[in-house]
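So, here come the structures, one by one.
Both complexes below contain subunit A, partnered by subunit B and then by subunit C.
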Partner chain A sequence: MESIMTLDRVGASYDGKPALEDISMEIFPHSITAIIGPSGCGKSTLLRCMNGLLKEESGAAVSGNILLKGQDIVKMEPEEVRRRVGLVFQTPSPFPFSIYKNMTYALRYYGVKDKKELDRQVKEKLQMAGLYDEVAQELDKSAHKLSGGQQQRLCIARALTVEPEILLLDEPCSALDVKSSSVIEKMLTQLKEKYTIVIVTHNIAQARRISDHVAFLFGGKLIEFAPAKQIFSQPKEEETKAFLEGIYG
Partner chain B sequence: MRRWKNRIFSLLVYGLTAMTVLVLAFVIYFIVKEALPTFQEVSVTDFLFGQRWMPIAYTGEVSFGIFNFIMATLYVSFLALAMAILVGIGAAIFLSCVASERMRGILYPFVDLLAGIPSVIYGFIGLVILVKYFIRAGIPTGSCVLAAGILLAIMLLPFLVSSCSETMLKVKEEYLPCAEAMGISRWYAIATIILPASWKNIMMSMILAIGRAMGETMAVMMVIGNANLFPHLLGKSESIASVIALEMGTAVVGSTHYHALYAAGMVLMILLFAINLIITILREKLIG
Partner chain C sequence: MHWQARLTKYWAYLSMGLVTAIILFLFGYVFYRGADTISWEFLTQAPSGAVLGEEGGIWPAIVGSICFTATAIVLGSIPAIATALYMVFYCKNRRIKGLIRMVVQCISGIPSIVLGLFAYSFLVRDLAWGRCILSSGVALAIMILPFIEVRAEKTFHELPPQMVQSSYALGCSRWYTVWNIILPACKGELVSGIILGGCYAMGATAPMIFTGAVAYASVPKSLMEPAMALPMHLYLLLAQGTTSMDTAYGTAFVMMALILLSNLLATIYARRSQKKWKVS
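And then the complex of A and B:
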């Protein structure tokens, strides 16, 4: 299978202290890649490398090459990289507008003005995020009045409005209860038909349920990268095995 | 033993709280008590809407009308706020959204330092520098409402900048990453998300600033010219606070003049209370 994103010996450091070393892996289209590992192993840092957000943080430096469909993201406009590689954060943070305005915000920025087209997009993306039926009657309601799980799904739907090729999710369920998490997991498995998903999670069970490929990070290094089935049934490396058995937190 | 200690401590806390409340109560009581005799001589309408302030009968009759002072107080305060808010919001956007954390760490102390300068120093600078420019520009004596407004605006700035940038920093940290993650440019996000989301808090700081501006005495008194005239941008005028500060020392205790100054103080206090009341109502309505 042709990969959509290739990481080639990617390294990252904060103020000279290395956070990631020599990461080489591939992201395959229409699949869910889970990045797992103990706290502080560099999962979120790796995610932020992928959409170019990290290199803009003060004190951070990124090395190696990240290719998006064969094109080096360093040579692309930062805005373009971020539009094509969406990111959803850990804590849901809808803008302080109505649900509708949250959904149309980026579309308007990119020049979509036709009301019918906006309405269509809002409906389509909310349906994809499995939120439409719950909010269809109250699109004018403030997004802050939604529950935590609904807010996170709104944020995912909002990220989809710019039609990203890859959607990165940084522990999207860690602030949510079990039921909301399972709704989001189900939605993600449906979304992969149309998008490519990379999810950081410290929940091994979640990675087992939804992922097609798994990258195990430990101490800033990529220990193992393999199809999910293989990594969960026969991990090659000792560290992976130990982590999956719950030896590291 | 422990019980006694607890009792003494709680009595102390109650006592100190009561003292604070009592101080306020006494201030109000004395001002009202000293102010009320004025209205045996002057009617409330004449006092509030009269334009002639002639506390001693040098020529003709005495007269106690503070309308011009009230208008000057409001005029100068709103003028200062209008000037300060534009600069303040601009500086707050820079500090919260553009400056790096290190730069913020360097710049914040300067803003705080500006707040710590005593108002007489501002007045002095206004007198020596600002007023001279106005003389050069052809304003006789240089003292005018605009000079007072500019000076007051500078005095309001540190407060506005620090309260607005604090709000914006919080809003920015919450929403800017999400906007940037969709490829939206920083300036567009500032204009369309951060400013609207901070608006309620900016309003609150504006109202608080007006309260401060109205009570400010020294700096305003030094550059406003202190003439009982209806306020015009480039003309002299006199605020309530400056009338009180200038005349209290020479007013004969117990005279109508003396009581009228207290009454003017009472009007200023009522204006401030009214503004504070508006703050509370607005805060409940807007922020909930």
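And then the complex of A and C:
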């Protein structure tokens, strides 16, 4: 299978202090890749490299090559990279507008003005995120009045409005209860039909349930990258084994 | 309780009581002394009489003060907010940031009479704008720029970073994010900072003594005319000695009422829009 994104010896540092070193891996289309590892191992940093958002932070530097469909993202317009590689944050962060306005925020930026088209997109993406039935009657309600789980699904739906090729999720369930988490997990497995998903999680059980490929990061280095089945049944590296057995986390 | 803790507590209570008492006394005294002078005529007529302020009112000074303040607000807040936006969302070079911060601090350290001198020699004389509202407005704008900039920068810093990054993550440009997320979300705090800056400008006398405020003028019709201003009027009345003490207190009454009212409006506005934009 041909990869949609290739990371080639990617490194990152904050103020000269290395956070990631020599990461080479591939992201395969229509699959869920889980990035796991203990806290502070660079999972979120790696995710932010993938859509170029890390460069926005002062003091941060990225090295190595990241290719999106063979094209170096450094040579692309940053806005273009971020449109094609969406990112959803750990804590739900809806804009302080109505649900409808949250959903049309980016569409308006890209020049979609037609009301019918906007309505259609809002409905379609909310349905994909499994939120439409819950909020169909109250699209004008402030997004902050939704529950945490609903807010996070709104953020995912909002990220889908720009039709990203890859959707990055940074521990999307860590602030949510078990039920909301399982709703999101189910939704993600459906979304991979259409999109490519990369999810950072420190919940090993979650990675086991939904992922097709797993990357295990430890101390800023990629220890092991393999199909999920293999990594969970026969991890090659000692560190991976220890992490999966819960020795550190 | 430990005696140190107890002492600190009493000290805090005492200071709070003292500060409140001073403020209440100050406002009470001015309002008490000025209240008798306040009348419809005083508020709506021009000063008249052989000695300034002996008869008539302060209407041109009220309008003049509002004009000076509005000019200062327009000229000062736009660069102040733009600077704050640049500092928080655009500039990534720490040295440049440090330099800008230092410049802003230096501006806030300039004595206001020096700003008056600068505006007088450069705008009034060299550029030949003459003594007018605009000349004073520029001096006042420079004076309140750091005041507004510091508040705006703080407000921008307090915005949840993920809200801004979410917009970037959708591929939206910084410019779009500034106009559609950042400025609307900070509107209340920004407006309140601008109004407080305006109050500061309204009370300042030194920058306009030589540049635009005059002892007597009718209600101004353009920015290129000199005008009366409340603090300047108050200064002149006081300088005349006991003859115009009552009008001086009346003028002070009006000025403090205006400032108090603006402060109140700023607070209410900031609180209301904060509630609306409250981020959970």
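The working rule: the second predicted complex is superposed on the first by the 249 of 249 C-alpha atoms of A that agree within 3 Å, B and C clash if a C-alpha of one lies under 4 Å from a C-alpha of the other, contacts with A are read in each partner's own complex, and residues count from 1 in each chain.
The criterion applied here is as follows: a contact is a pair of C-beta atoms (placed from the backbone, for glycine too) under 8 Å apart; a residue touches a chain by one contact, two chains touch by 3 or more.
The structure presented is a predicted model; accordingly, all values stated were derived computationally and were not measured.
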{"item": "Fit or clash between subunit C and subunit B when superposed on subunit A", "value": "clash"}
{"item": "First, second, both or neither for A:58, with subunit B first and subunit C second", "value": "both"}
{"item": "Which superposed partner A:155 touches (first subunit B, second subunit C, both, neither)", "value": "both"}
{"item": "First, second, both or neither for A:13, with subunit B first and subunit C second", "value": "neither"}
{"item": "Subunit B versus subunit C as contact partner of A:203, first or second or both or neither", "value": "neither"}
{"item": "First (subunit B), second (subunit C), both or neither touched by A:144", "value": "second"}
{"item": "Partner chain in contact with A:93 - subunit B first, subunit C second, else both or neither", "value": "both"}
{"item": "Touched partner set for A:174, first subunit B, second subunit C, both or neither", "value": "neither"}
{"item": "Residues of subunit A at both interfaces, subunit B in one complex, subunit C in the other", "value": "51, 53, 58, 79-84, 86-89, 93, 95-96, 105-106, 109, 155, 158-159, 161-162"}
{"item": "Residue ranges of subunit A in contact with subunit C within the complex", "value": "51, 53, 56, 58-59, 79-84, 86-89, 91, 93, 95-96, 105-106, 109, 144, 151, 155, 158-159, 161-162"}
{"item": "Contacting residues of subunit A [partner subunit B, same complex]", "value": "51, 53, 58, 79-84, 86-89, 93, 95-96, 105-106, 109, 155, 158-159, 161-162"}
{"item": "List of subunit B residues in touch with subunit A within their complex", "value": "100-102, 174-175, 177-185, 188, 192-193, 196-197"}
{"item": "Complex interface listing, subunit C residues touching subunit A", "value": "92, 94, 160, 162-163, 165-173, 176, 180-181, 185, 276-280"}
